[in-house]
Amino acid sequence: MTHSVAILGASGYTGAELIRLISEHPSIKIKALGAFSKAGQKLSEVFSHLRHLDLPDMVAFDTIDWSGIDLCFCALPHKTSQEVIRDLPKTLKIVDLSADFRLRDPADYKTWYGNDHAATQMQAEAVYGLTEFYRDEIAGARLVAGTGCNAATGQFALRPLISAGVIGLDDIILDLKCAVSGAGRSLKENLLHAELSEGYHAYSVGGTHRHLGEFDQEFSKVAGRPVKVQFTPHLIPANRGILATCYVSGETDAVHGALAAAYDAEPFIHVLPKGEAPSTRHIRGSNFCHIGVIGDRIAGRCIVIAALDNLTKGSSGQALQNANLMLGLPETAGLMMAPLFP
Amino acid sequence: MTHSVAILGASGYTGAELIRLISEHPSIKIKALGAFSKAGQKLSEVFSHLRHLDLPDMVAFDTIDWSGIDLCFCALPHKTSQEVIRDLPKTLKIVDLSADFRLRDPADYKTWYGNDHAATQMQAEAVYGLTEFYRDEIAGARLVAGTGCNAATGQFALRPLISAGVIGLDDIILDLKCAVSGAGRSLKENLLHAELSEGYHAYSVGGTHRHLGEFDQEFSKVAGRPVKVQFTPHLIPANRGILATCYVSGETDAVHGALAAAYDAEPFIHVLPKGEAPSTRHIRGSNFCHIGVIGDRIAGRCIVIAALDNLTKGSSGQALQNANLMLGLPETAGLMMAPLFP
Amino acid sequence: MTHSVAILGASGYTGAELIRLISEHPSIKIKALGAFSKAGQKLSEVFSHLRHLDLPDMVAFDTIDWSGIDLCFCALPHKTSQEVIRDLPKTLKIVDLSADFRLRDPADYKTWYGNDHAATQMQAEAVYGLTEFYRDEIAGARLVAGTGCNAATGQFALRPLISAGVIGLDDIILDLKCAVSGAGRSLKENLLHAELSEGYHAYSVGGTHRHLGEFDQEFSKVAGRPVKVQFTPHLIPANRGILATCYVSGETDAVHGALAAAYDAEPFIHVLPKGEAPSTRHIRGSNFCHIGVIGDRIAGRCIVIAALDNLTKGSSGQALQNANLMLGLPETAGLMMAPLFP
Amino acid sequence: MTHSVAILGASGYTGAELIRLISEHPSIKIKALGAFSKAGQKLSEVFSHLRHLDLPDMVAFDTIDWSGIDLCFCALPHKTSQEVIRDLPKTLKIVDLSADFRLRDPADYKTWYGNDHAATQMQAEAVYGLTEFYRDEIAGARLVAGTGCNAATGQFALRPLISAGVIGLDDIILDLKCAVSGAGRSLKENLLHAELSEGYHAYSVGGTHRHLGEFDQEFSKVAGRPVKVQFTPHLIPANRGILATCYVSGETDAVHGALAAAYDAEPFIHVLPKGEAPSTRHIRGSNFCHIGVIGDRIAGRCIVIAALDNLTKGSSGQALQNANLMLGLPETAGLMMAPLFP
């Protein structure tokens, strides 16, 4: 049986990535592509790399006929997304890729995003889309909130460790190295090739990055007490990838053991042999996450490093993984492609 | 029905690309991976990005049990390949990715490669693996010689034009821009990141590049008279892609029409609307080739530009496409994945 | 004796490059920096890499006190430049880096740029700033028009050959590979890192690039008859550099000899030994231009390749070289720094 | 007065960088270039970007006439350097860029480098070349040991903080992001463009990187008690630059104040306004180091980030700065060039 989906925000990078993934999915078919400024254009005009696909043109949202559409992916900017989703048919399953439904508490939302939420009542309904940890809720959900790409990477590295009680909770440091596509297709001077190529820097330093809202919410939930981490993202001259280098206190064997146990049956999360460090080049374009654990020379300290592709496992791949669950399909359908290297 | 294959030279880039592609193929299974210096290693040690696959370890060639193997991909260095292929079981179907069986005439081979051929008798038997132009012969062949990646790109742009008689034959110029992976995984100073990144240059200038042997052989065959082109490759700081900018005399409409007609039914070759230029970023990681035709301000001159991924359509994708034909499978099986962008 | 200069358009890449070069110049001092939207900002806010310099803040143009300023560099967008320059004090020496005064004929200007020129009377006065060929006129000029960066590269390769009569004039092809900074710091989707990195393509194909106006003007002037070339620029994922691969008919020895003779005494133009090809990585950040000549296997055909840094020898370095002449300073002052490699 | 120098190991990246810098130095002249495998070659054959310089050919070390040479730069591999330096004339001033004389204690040397030192008696004589902290000793030294590039970066960020007692000593973490040229021009698979570009990873994780020997030695010396830090380097797809993100306990104002005070009069070290983060792109090709201090949302925690160019301030620029002191020249001579951006 084939399920029909729509993608709103099809002209951005996460939209394009959804189309790429779904183009080979055995039982999902794209029935509508929605866009703002690029409404009316053919897919091949917006994304020449998808010109081989026989897909509908981009249209304005309000012209979409929702009958016969089972699920809608919303790959829209933050704040816009909540306004659009609020008004979608209530029978439609929705996977939101924006930040709008990640935080359950309206106050937290306002703290990190600055505005009042336009669909407060739906915040509680939304299930946090970190598939490996919310599988059952996602399968039964109508609205799933895709996680932040940085938030996903950090949680894959640390969540089982907090859960298992094998690391200290008060001195966790996440130093992230993020590729450029995570910033989207927006026109900003600091995203120009001539600005970025051959250089790198930290941004949102000191605890100001919005994905901290997710770390706080989720880590505190798992720990059963408030947990606050230090988190510094860095912008790296590469297109895809997040590498999270996490500094924790804990015994290396216990840390490696807890991660190996937690992900033993997971199809997408691979814990490397103890002492091996992952690389973003080995997960590019795939839905895999590689995690490495290395003990430090200082006793009781260890380094946990997670690598994933921000556009795939960090957003659109995760979204499709969640959609598979919501539609009763095999979770891995359309997602087992190998990474592209070199 | 599932077919079993072996890959010799599995530790190089074209070997890894074959594994990537076959990992999602519906009816081909990898039964053996052969390597020289990396024999004895696990696939995950050689290519960490393929660690999710359940595949045999790399082994020395002479330990492979060929019974039950239907087809062998040889992704070996030039010269080595002919010696290895000469001694393989005669019942085995073979797709060679090296240069060793591309030239039919032993004298031509010696001219371009410098040594006497070690399996002269097989040169005549080998079918030139440019699928779109040798489809029937390939389907019935035992040994198929994969084309050079530059040679494939140039032929996709020009072959139908020579065939249709719509361009002049004595002033054809191919200016190619080639990504780095085409040079393989070999340790050479000029392939280091610090040498290549942020710079570019022409190499093998003036008619010395070996792929000219293929251009001469094939273009002359199609034209029915000797054709010699000018061909200048350039090394570009990118990992995948070939862009062939071809300067020809001819009427733009006739040129565009001849290409559109030739590739109308082809699943992998897309002729862009007249006046549009292709980009390597829009075919990366895929088996597609995009071709553009633009008329020059100088009457009677036009520019034909072809883009493909050297590791996919230029070598391993082509190899799989040919293997599909040789095994009686749908030609596109395992090859319709969308390009990876960004 | 120290000369004082102003830079209008100091917040763009060519402005920053001028500041970089002049910062080590023995006898030129920057007295004013003019900007539009960034007026009022400190240099360190606009260009953090120049924060070590003790320079004035960016100011609006009309607040600059021109008394005591000997020369003004205009690094402004096309069309804006002519309007600004028209109204500058008539006693001021001016080096314009825009396209506005490159074409002498108002009709040609309109053909290539689409609008009527706002300072027609100054078009005739302006000297074309290709230093090596207009040295004497530049030394005596009040207004010098910096050449296009592509136009400079192509002319360095071909001008002495046309002049010496050693190549055919009716089949010249220039295939250029241009780095990204040539497009400036403007916010365009196709200049984003995620769009450009790892891919490349041709643009303005078929004779539509505006620098053709310069090629037509200059090559025809040198030849004493109309000369029209084919010119295809390509955008390469690198920040600095232009590589011009020129296909010409001519005898290799005569071609190499004519170039070697023309540039024998030039401090910035280096003709490589016959058969060697230049690379953009070997001129990056410098005012040098490397030129190689290679004979083709086809008798009577040869390839001339020129490499320079678009921001240095292609614009700001050239501008300073011209300013040196206009101010009676040694032509090479402040310009002999070695390229940055790797 | 002009001083004459020799460079041993002129065919590597630090050798080339020394030549680049000295080529514009007002009072140092290169009299000999020594190399191993490239002895006998012209400089233009080994480094085409330096072809404009009138310099001697590369020669074997034992053919160099040391009379009239005031100072020798040794840009040789570790272990080779000590053997060569041991046998140089005792009257020669020497700046060593290798790791061989950085550690004062022979036991420490053996711990980190594995072999017995071949010139133990010279280890004590050598002055540690971190100019800003050993200025007087360097001015009077005969042998100066250039620091590790990572070691320099970390020390610029942290040394004044340990000295001033404003940070905790038992929980210092250095997360470094290093460009590729730091690994030199050696032929290793993991340094190939196709391996590195578009990906990044941690290496020498867990306290195994040799530069820790320098951190231990120097930080403990400054603190007057043993100090051990955590240090994780990452390889980033860029050619030049080190970014050290340091996590410390301390009050932001005190930390920023201590750094600002320490570097107030330094020509090359710039402390950014509190809250600003540096970028490697803003120091590329220069001898500058930018340092930023940002307070974390967690009280009492702050982040100190230092950026420098590994080939310039991290090795060859530092070496020239030290040579200036040793020769009685102005410390900044030949080193005030602006960074290259973009």
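Points to keep in mind about this one:
A, B, C and D are the chain letters, set down in written order, and residue numbers restart from 1 in every chain.
As a working rule, a residue touches a chain if its C-beta (ideal position, glycine included) is under 8 Å from a C-beta of that chain, and two chains touch if they have at least 3 such contacts.
Just so it is clear, the model here is predicted, and its values are computed rather than measured.
Repeated interface: A-B and one of C-D, A-D or B-C share more than half of their contact pairs by residue number, and that pair is C-D. Distance from the centre of chain A peaks at C, each centre being the average of the chain's Cα atoms. Chain B and chain C, compared by their mean Cα positions, are separated by 39 Å. For this pair, chain A with chain C, the centres built from the Cα atoms lie 45 Å apart.
The set of chain A residues touching two or more other chains comprises 13, 180-181, 194-198, 237-240, 278-279, 281-282, 284, 341-342.
Against chain D, in their complex, chain B makes its touches with residues 13, 180-181, 183, 185, 187-189, 191-198, 237-239. For chain C in complex with chain B, the touching residues are 171, 173, 175, 177, 194-203, 205-208, 212, 228, 230, 232, 234, 236-241, 243, 245, 247, 275, 277-282, 284, 292, 294-298, 301-303, 305, 307, 341-342.
Partner chain A is touched in their complex by these residues of chain B: 13, 16, 19-20, 23-24, 47-53, 180-181, 197-198, 239-240, 270, 278-279, 281-286, 288, 290, 311, 336-342.
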